[in-house]
Amino acid sequence: MSDRTAILTLSCPDRPGIVAAVSTLLFEANCNILDAQQFDDVETGRFFMRVVFARLEVSPPHDAIAASVADLAQRFGMKVSLRERATKKRVMLLVSKFDHCLSDLLYRWRIGELPMEVTAIVSNHGREHIASTDIGDLPFLHMPVTRETKMEQEAEIWRLIQETRTDLVVLARYMQILSDGFSAKLQGRCINIHHSFLPGFKGAKPYHQAHERGVKLIGATAHYVTPDLDEGPIIEQDVERISHRDRPEDLVRKGRDIERRVLARAVLHHLEDRVILNGKKTVVFPD
Amino acid sequence: MSDRTAILTLSCPDRPGIVAAVSTLLFEANCNILDAQQFDDVETGRFFMRVVFARLEVSPPHDAIAASVADLAQRFGMKVSLRERATKKRVMLLVSKFDHCLSDLLYRWRIGELPMEVTAIVSNHGREHIASTDIGDLPFLHMPVTRETKMEQEAEIWRLIQETRTDLVVLARYMQILSDGFSAKLQGRCINIHHSFLPGFKGAKPYHQAHERGVKLIGATAHYVTPDLDEGPIIEQDVERISHRDRPEDLVRKGRDIERRVLARAVLHHLEDRVILNGKKTVVFPD
Amino acid sequence: MSDRTAILTLSCPDRPGIVAAVSTLLFEANCNILDAQQFDDVETGRFFMRVVFARLEVSPPHDAIAASVADLAQRFGMKVSLRERATKKRVMLLVSKFDHCLSDLLYRWRIGELPMEVTAIVSNHGREHIASTDIGDLPFLHMPVTRETKMEQEAEIWRLIQETRTDLVVLARYMQILSDGFSAKLQGRCINIHHSFLPGFKGAKPYHQAHERGVKLIGATAHYVTPDLDEGPIIEQDVERISHRDRPEDLVRKGRDIERRVLARAVLHHLEDRVILNGKKTVVFPD
Amino acid sequence: MSDRTAILTLSCPDRPGIVAAVSTLLFEANCNILDAQQFDDVETGRFFMRVVFARLEVSPPHDAIAASVADLAQRFGMKVSLRERATKKRVMLLVSKFDHCLSDLLYRWRIGELPMEVTAIVSNHGREHIASTDIGDLPFLHMPVTRETKMEQEAEIWRLIQETRTDLVVLARYMQILSDGFSAKLQGRCINIHHSFLPGFKGAKPYHQAHERGVKLIGATAHYVTPDLDEGPIIEQDVERISHRDRPEDLVRKGRDIERRVLARAVLHHLEDRVILNGKKTVVFPD
């Protein structure tokens, strides 16, 4: 039998009755709530909710439920997203020379850990730089970039995103800064991995900065890309302990593990609709 | 203005409509849901929920809501608990010679971190063993115990629990094993801290066992007490890294920090009604 | 210029003058000590040391130093190992159906993180089970095994180990229990990854056991293989937090990350001669 | 029998023969090396070493060994420190209104975990602010401070430090910024706890900054005080996971645990002579 599960996420101004309205709608549509989490942000007065539910034999088709949800959204001023779990998100992976994150994401995808369709792998460097990664039959596109050709290159990527109906762009150690305009277009659907524990060590060469400062833990940060560099909403972070013995190259090595782990978790959270934007921050409903 | 917040927890066999029923009840009583978390255990078919809500000016009194909740509980076969947050749980602390956990719990209570009323401190050893802990005006009772007097001592503690209307008993490194009968009476309201990462190193001298085995991390476990020693439902666990340099006495020292942290977290979770028993396991709704 | 660094490890009964003797030997041979760590186990009276040193232009050749070290070893009753860093250890990887550890080790090897020569990949299952791992030109050997053919299969692996001059065998989720005789032959040079936080959940299906028991953290353990199953000297362990929401299959997924990380660290420690056996335990000099 | 153990730490320009010289000196003085760790900083060309050794019956007195060490120090241009372990460091504790760190340090001291003599507790606020901490017979001095009286107050503290022969000053959430001159006098012997994971969130109200930025982990940093605020050499750091549910007050609560732990570890490291300054960084030899 096919997966009849769907995921509904919503955010709206807080007011009494939202949970009751949502749960009653699903109850009357003969759907069974499998998981529900909510969050009231008392500072901003906004309410966030994620509901996973299953349609039963007697339930109306997905589209009918979607229509009811759209009515409800109208009534409460909600931003909603409703997706059948079986419809996987379409993901484009951008990479430069370091392929440890790309390699890790592809491996997790192959063994079924990341529910996504990979639309393309795009790099500003040639295929030979990611030679140690088995990309199989996936389309690889080499799109070199210089300061002069940046506008054209981004337009080309954007065209590809549209053609491939890509839902999410993952910058898997893609070492180019996206232009403001491109960032704006990708708002809330482009995840970057920054190799530091933001907001410490913004900018270039964070491991060298960390070594210079003599910190005792290093970290990595996965965040949505915004025009404001290294300031996008944070999805996930983690750290590992280091010591005075570690040279910058040791930090780079140790950091790779954290980067892979943090990016994979952030992408998984996004693919499962666990992340909702809340201004400059995120709500991440735990699994 | 007084705190008009209440916490409802419930568990019952899973079936459609529970969330709708609870949220509609609260909506119609003009209460505002501040936080709600739920969990379906597909293995056992049981449903668990925790709702924090606020009564507004127009809401009926707490007792009226409690009556409606009782009706609902009947209808769905729910085990419910409903508590006004302002009504703090009453807690008795049992200790033997090591007072680091006692000291930590009292400190956190004094600075307002643990919302509880301390009904008594009971020890099988004299006051001098916890001399380094400032217990202030709290009643301290020395209840020595031998194999021969164990039955009487436990009866005495039980009487004290009843007299003081104690809701929760915390074994803060109380080094006596409770009898089966006493454990049964305290089911779900007696928390113990075991100084190992259960189920590794059950029984006596866990740090010595850990040293002997050469493990690389040591831990502590807070669990509800059951007649089945070291097998009670686990509430919280944590670990710290050790090395070959650590002697058993170093493990004891490093372990103290983990014990304090783990016990304090478990007690706080219980005081905030975040923990619901699920057979031999617990559901712990995160803060 | 070639790497003129060498690593000396030793263990012997403790007595005054060992450090002085070793450091004087190297000083007189015009070698420069880059790193030195030692450990006295007061319980067993044994002394452990690891020294990294560089030969200078004026130093005698490696073999001459090795001869001096051998003399010293005789004098102090030392077990020594002396290796030029440029001479990488030769490693054979054994795998069954789950290839996440294999895949991770190969990736780290390709990007230069694990200094080793891979002699062969051996599996009791066919090549198709590790189809998602890019093994490139590495020799892959399918050596199926049944209870009846176990003796022959192990003899075949042993022959291959000798032919390929393999220094270290890594059981990268190889799901067969080695016979006592084979384990004995591989003493101190065969690393296994056990998918639990030993000594909790020994034996089969540890994630299911962990789920059953309701623990709040799961872990993995890398250890040397001994005839005593799941009791070998522990090299490295780590854990991750889980919750009541996690089903056994979620634990399996979350566990994969810990297994990869823990095994890779243990193998790296071994490759860098950081691990010295100490009876049923290990001394691991940190990097 | 008294503790005949001593701890030697040294730093000097790296050159061949240092380890041999130190270990030979101790060997010829009939001392037994119990633990030795060293570190070459290839970037700065400096060498760091910590040796723990025991004098035997036949060894010369401590002062004679100290004289030999002084000669050696001269020869190699070493900065050395040599201390009999039985001679505890003398520590002054400064505190403002939040006493969780003070309370924790005193408790650890009482149970024998921190080997120190407490010379005084000094606060810019009255005794009533730390009412929940049992300071027993320890001298408490209220030294209020305003912008106008800061110079005098610091002079008064300095006088007290000298009178009490204080070796180490611990700012246990002392919320005053030390003047440049005072910081300079206390170079390398004044430890502060900063309630953020430096270098993120420097300055005031770090928990509010962390909440504002939406980070997923918060931390604390123990560092030596320097005139350059929040830039002193870091001794120890740690973090804990938070979520979108945490309000600033929750971060403050969760942060207290990290602060206590991190400060206690840093103070212990210092008391055991494990920390050596290395320019703007530290070398911390692990226990």
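Chains here go by letter, A, B, C and D, matching the order in which they are written, and residues are numbered from 1 within each.
By our rule, a contact is a pair of C-beta atoms (placed from the backbone, for glycine too) under 8 Å apart; a residue touches a chain by one contact, two chains touch by 3 or more.
Quick caveat, the model's predicted, so the values are computed rather than measured.
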- Message: Count the C-beta contact pairs for B-D and for A-D, then tell me which is higher.
- Response: A-D
- Message: Taking each chain's centre as the mean of its CA atoms, which one is most distant from subunit B?
- Response: C
- Query: What whole-number Å value describes the gap between the mean CA coordinates of subunit B and subunit D?
  - Reply: 36
- Query: In whole angstrom, what separates the CA-based centres of subunit A and subunit D?
  - Reply: 42
- Query: Could you say which residues in subunit C touch two or more other chains, in rising order?
  - Reply: 35, 39, 243, 245, 286
- Message: Using the touch definition from the top, list the residues of subunit B that touch subunit D in their complex.
- Response: 35, 100, 103, 107, 110-111, 113, 132-134, 243, 245-246, 250, 253, 256-257, 261, 286-287
- subunit D to subunit C touching residues, read off their complex: 16-17, 19-20, 23-24, 26-27, 30-40, 286
- The answer for subunit D against subunit A in the complex is residues 39, 41-43, 197-201, 213-217, 219, 233-239, 243-245, 247, 278, 280-284, 286
